[in-house]
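One chain, chain A, appears in both complexes that follow, with chain B as partner in the first and chain C in the second.
Up next, the complex of A and B:
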């Protein structure tokens, strides 16, 4: 390689990086100007902080039973009340939120990672490989998602990681389709053709040029798939396939609380169900805001 | 156009075969010996090895996987999905008995969802950033974020417990369908409203809309005849996905409302490790999903002439 082509090879990289930085800065500015997504982001931060530190604020452990104080409504001593075994609901709710968030974020990120690799290869290779790979995706799409997750959880035995595993077995399909679509669009762009022309190899081309330009929709997709995973976990818990006791996610707390539906201890259902709704709402609102911010066209 | 449909059909064949392989493979990865299970179901608690071997031969389990797959598939296409280990009934019959309930629920829910979503989405897009739009957007956001079990609980509390207007659960009377359908419809309406709004916003700034207005078309014709017509492709696609998912059984809602559809049935089967039923179910719903997708693809021909023309040119 002569020094001239070397210089040429570095210029598009630097430009791409500078343009990308400007793009994200613009997006952040647009995001800041909208009250709803910003409020959602603040709520999310508070929720995460409480999920990490919340249980430490009270002198109870999430699994310490106190049968004499069972089913107590929220009070100064037990801020969220107690459940049927006298366990402190505040400690349980926040450690439950921690587990729900962990499952949601881990599943969403792993889905994305698999999707990036699979969809990236399919979109970049194109042709027959793409056809074959995407047909396999279509096939897996034919199986109802929730039922496969339920089935796999039964087969694996419920547990924190088996639940995540069951969710990602087909959870990556959406992000694979998304990434493939993005790459298909991008790979004919002049700057990609140019980069390829000067000999940039696939891994670098992918990491430096293709991925950063496809990142916007992917960030939005992850924001939406976290609440989806949290909801799926709650559904599994609802069916009795959640994390095993004494661990509790928000989903298992909801399903434990369902029996109080008619007996009146509303806080046992309302608190975990309300938290799940709040987490999902915050992620969805943030996702909406991010989508608008990253795609200025929708702002008109 | 016929060529396009034929091509779509042809495309579905390998996908369908793939689904059938996956459905069949479920029994291979699953722990537990079906022969032993059948014997235990028949009242023999501790079957002898000879009995198990005999049952394995009787069920054809001593054959290699591919042979069993071909046998299973060839009886499946003739309408024989085997018998349930749990109930002993033919699987196809059990699924066919319960499917209408699920289909009724899904169709009502999706129809109701569309009836709410399309007008709301259009109004929201037309009067963008108005207080009406804000309200619709927040409503849709909340609707899309509330988990179905929580929504179901609230609806039961309001309509069945407080107002005593509707039954809590079961399927004894026609009005039993209202609450589960409403639960599903609210979720569908929320996401379809969001979609309709953004699809309409995308169309309303297009040149053809300006042209239609410029040539003096009434606003109504511009919106419904042009903008909505183009936005419909996206709406139909997502509606199809939603409908297919619901036709596969709304597990949670069917369970809460004790609605005897296939979703609840298959969850019971999963817990009992009733693999013939699970396999049959996966094949059954996989087929339905493909048929819904085909319908959606065919509807593009009518919605978007480019598909028709593109097919002819290719």
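Up next, the complex of A and C:
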């Protein structure tokens, strides 16, 4: 071994010293280096913990009425005050946030799942099948989203199930398009052609080679579609098509609290509205950070 | 003919708010609302009023611009309704009943329409014929019903036996318009002349200085249609309008440069229980269930806590005042949890592990439909009732329909057990609402009446009471029949659970004087109103 080659081997350059790092670790490093997405992630974790545990911290149930203590401002006894039926707003706000988050995350994940299957098949098969499948998506895209969702919640009995269903019916279109685009781009890559050449079948090819390489943009898409779903739920609840009483969601609470714009019990409106804003802001900031982290090319 | 009632009623209730907006300074009215005749008057006597959504129609079925649901005082009616629900002279100064089915009206002389032409019996005949062509209205008139005896005498004979015609003619849909006039350009004899109507935006009227009842002080009134209640109140707070209704749950805490005043009871909040069969919605057929429901809800808490004192407990659906001394015969129900539970236990409804009762494997789950005239009117009462029903082991599912149309679409299908309604009494006939809502359905009969009858009609003995009411000749007999009908609905069959009599609550600018509220919003008068400096 010459001294030259020895030097090469023992004096690693900056990149090589970072040892073997995968795409995901790189992404995580890029994410960590940015304060806003990290703060958003921390806020989200706190919100989720409170949505799960928050109602347990107070001795009131979200639906326990106490008319003698109706419309009380936040105090030591009721941290978020009480509503017009004397229900504890802390318990309602967090069980409402739980329902809103549940709806948002479930709808977003199911959207993605359907989108992956549909878009994956369309993108990989290509040709006529792709043409037909995507024109169908375009057709559905033509129907105003909120109108369709409202129609569906009216047809089905209002409830968690029908809200999620209504959102999925239109929500998967976006992820289907995204997945198809990714697959179209990836399927001509040499490693895919190679895999096909050695006889890897479609399901395995899709799960092991195509999907992992398309995952980055999909993760970003989900992060953005969660707040979208939460916002849609809030809109539906606001229109009176949300979760059935006495269940609370953030949207129904805003709807109930609207009247207080006139009478001054601002906490009844400000707390659920603030929580919706916070959740959406956090998801959007995190999504933004994830996009930069997972797809560095988009960094200007 | 009932078709019209329905629209009347629907709009009435729907527009309760609107008229609330206009109607309410009331007996409990603040200083701004009552007479301050000595106050110095403003030089510009122009009033702007916020009212609910535009409910005017001008189509084959109805012609109501300026009349109903917002009564802009462009027209007069033959007879009018006092705040105590008594029939008073209007364009007719006298009337007499002529057996078997006719009322003869003597008309006021010297009355002129806004264009200066004199008012005579031919205008009455024309106006009645117009309603006959549109279906006959509440009274049930045909084109032959109105007959001019001479220039100032007119006979009105409804198609069917209906002695309540006199009390029904007070409703502003029976306004007298100039013969041959165009409904889109209302031409009446009232204290205000039509200026302009812009659909969904405003109707504007100006003073009729030749009004037979005296020259109005106000020069101009602009009624602005603002569908959203919160927006109406914001307009009042901003001073854009001088009068607006105020939602009852915020009446106590709301502030601004205005007086909050309330009318006497003219409207009500009640739950109707579906008594007639429909698959999936048939538990109300069990009388024990209906009775237990009646004892489950704390009416006192509804009015005192849920609505913060802006209502009062009544045990009838219609305002007790209209029943006179007969009102006391209806005992009604108050919350008695032990009794309600016992009734259900005795009927075989046993509580399961989740607290909800069961019988023969069927859960005691009821669907409560909320939305007449709109969902917001009732808030937050339904959730309160839901919690109280849960206490006696009834699981109530709340279904909210946003407006009257969606509510009625659901009622027509009969998909629900409990139906929450806010209604109001707008004419002088105590049997109006019982007749309309609870008569047995007649094949080919009025659509709305049948829609209600198909769900709530208790049957023959009730129908017989209503027939007595239609044919009664004295006020005492009418009140007695109406009270019998109410007693059957409330005390015996438990089809109706009256919760509260509600007020019209208005915010009135402190500059507005002499605004005397009428408990029936459509009867509101504007000619006494003045503006202070």
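By definition in this document, the second predicted complex is superposed on the first by the 278 of 300 C-alpha atoms of A that agree within 3 Å, B and C clash if a C-alpha of one lies under 4 Å from a C-alpha of the other, contacts with A are read in each partner's own complex, and residues count from 1 in each chain.
The rule we apply is simple: a contact is a pair of C-beta atoms (placed from the backbone, for glycine too) under 8 Å apart; a residue touches a chain by one contact, two chains touch by 3 or more.
A quick note: this is a predicted structure, and the numbers were derived from the prediction, not measured.
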item	value
Chain B versus chain C as contact partner of A:120, first or second or both or neither	neither
Partner chain(s) touched by A:245 [first = chain B, second = chain C, both, neither]	second
Which superposed partner A:216 touches (first chain B, second chain C, both, neither)	neither
Chain B versus chain C as contact partner of A:67, first or second or both or neither	second
Partner chain(s) touched by A:284 [first = chain B, second = chain C, both, neither]	first
First (chain B), second (chain C), both or neither touched by A:104	neither
Which superposed partner A:258 touches (first chain B, second chain C, both, neither)	both
When both partners are placed on the shared chain, which of chain B and chain C touches more of chain A	B
Contacts of A:269 with chain B and chain C, given as first, second, both or neither	first
Contacts of A:141 with chain B and chain C, given as first, second, both or neither	first
Contact residues common to both interfaces of chain A (with chain B and with chain C)	239, 258, 261-262
Chain B residues within the chain A interface of the complex	14-16, 18-19, 22-23, 26, 29-31, 128, 138, 141-142, 144-147, 149-150, 153, 156-157, 161, 198, 201-202, 205, 245, 248-249, 251-252, 255, 266-267, 270-271, 273, 278, 281-282, 285-286, 289-290
Touch list for chain A against partner chain B, complex	36, 135-136, 138-147, 150-151, 154-155, 227, 231, 234-235, 238-239, 254, 258, 261-262, 269, 273, 276-277, 280-281, 284-285, 288, 297-298, 300
Of chain C, residues touching chain A in the complex	230, 233-234, 237, 246-247, 249-250, 252-255, 301, 305-306, 375, 379-380, 382-384, 386-387, 397-400, 402
Chain A to chain C touching residues, read off their complex	63, 65, 67-68, 70-71, 83-85, 157-158, 239-240, 244-246, 256, 258-265
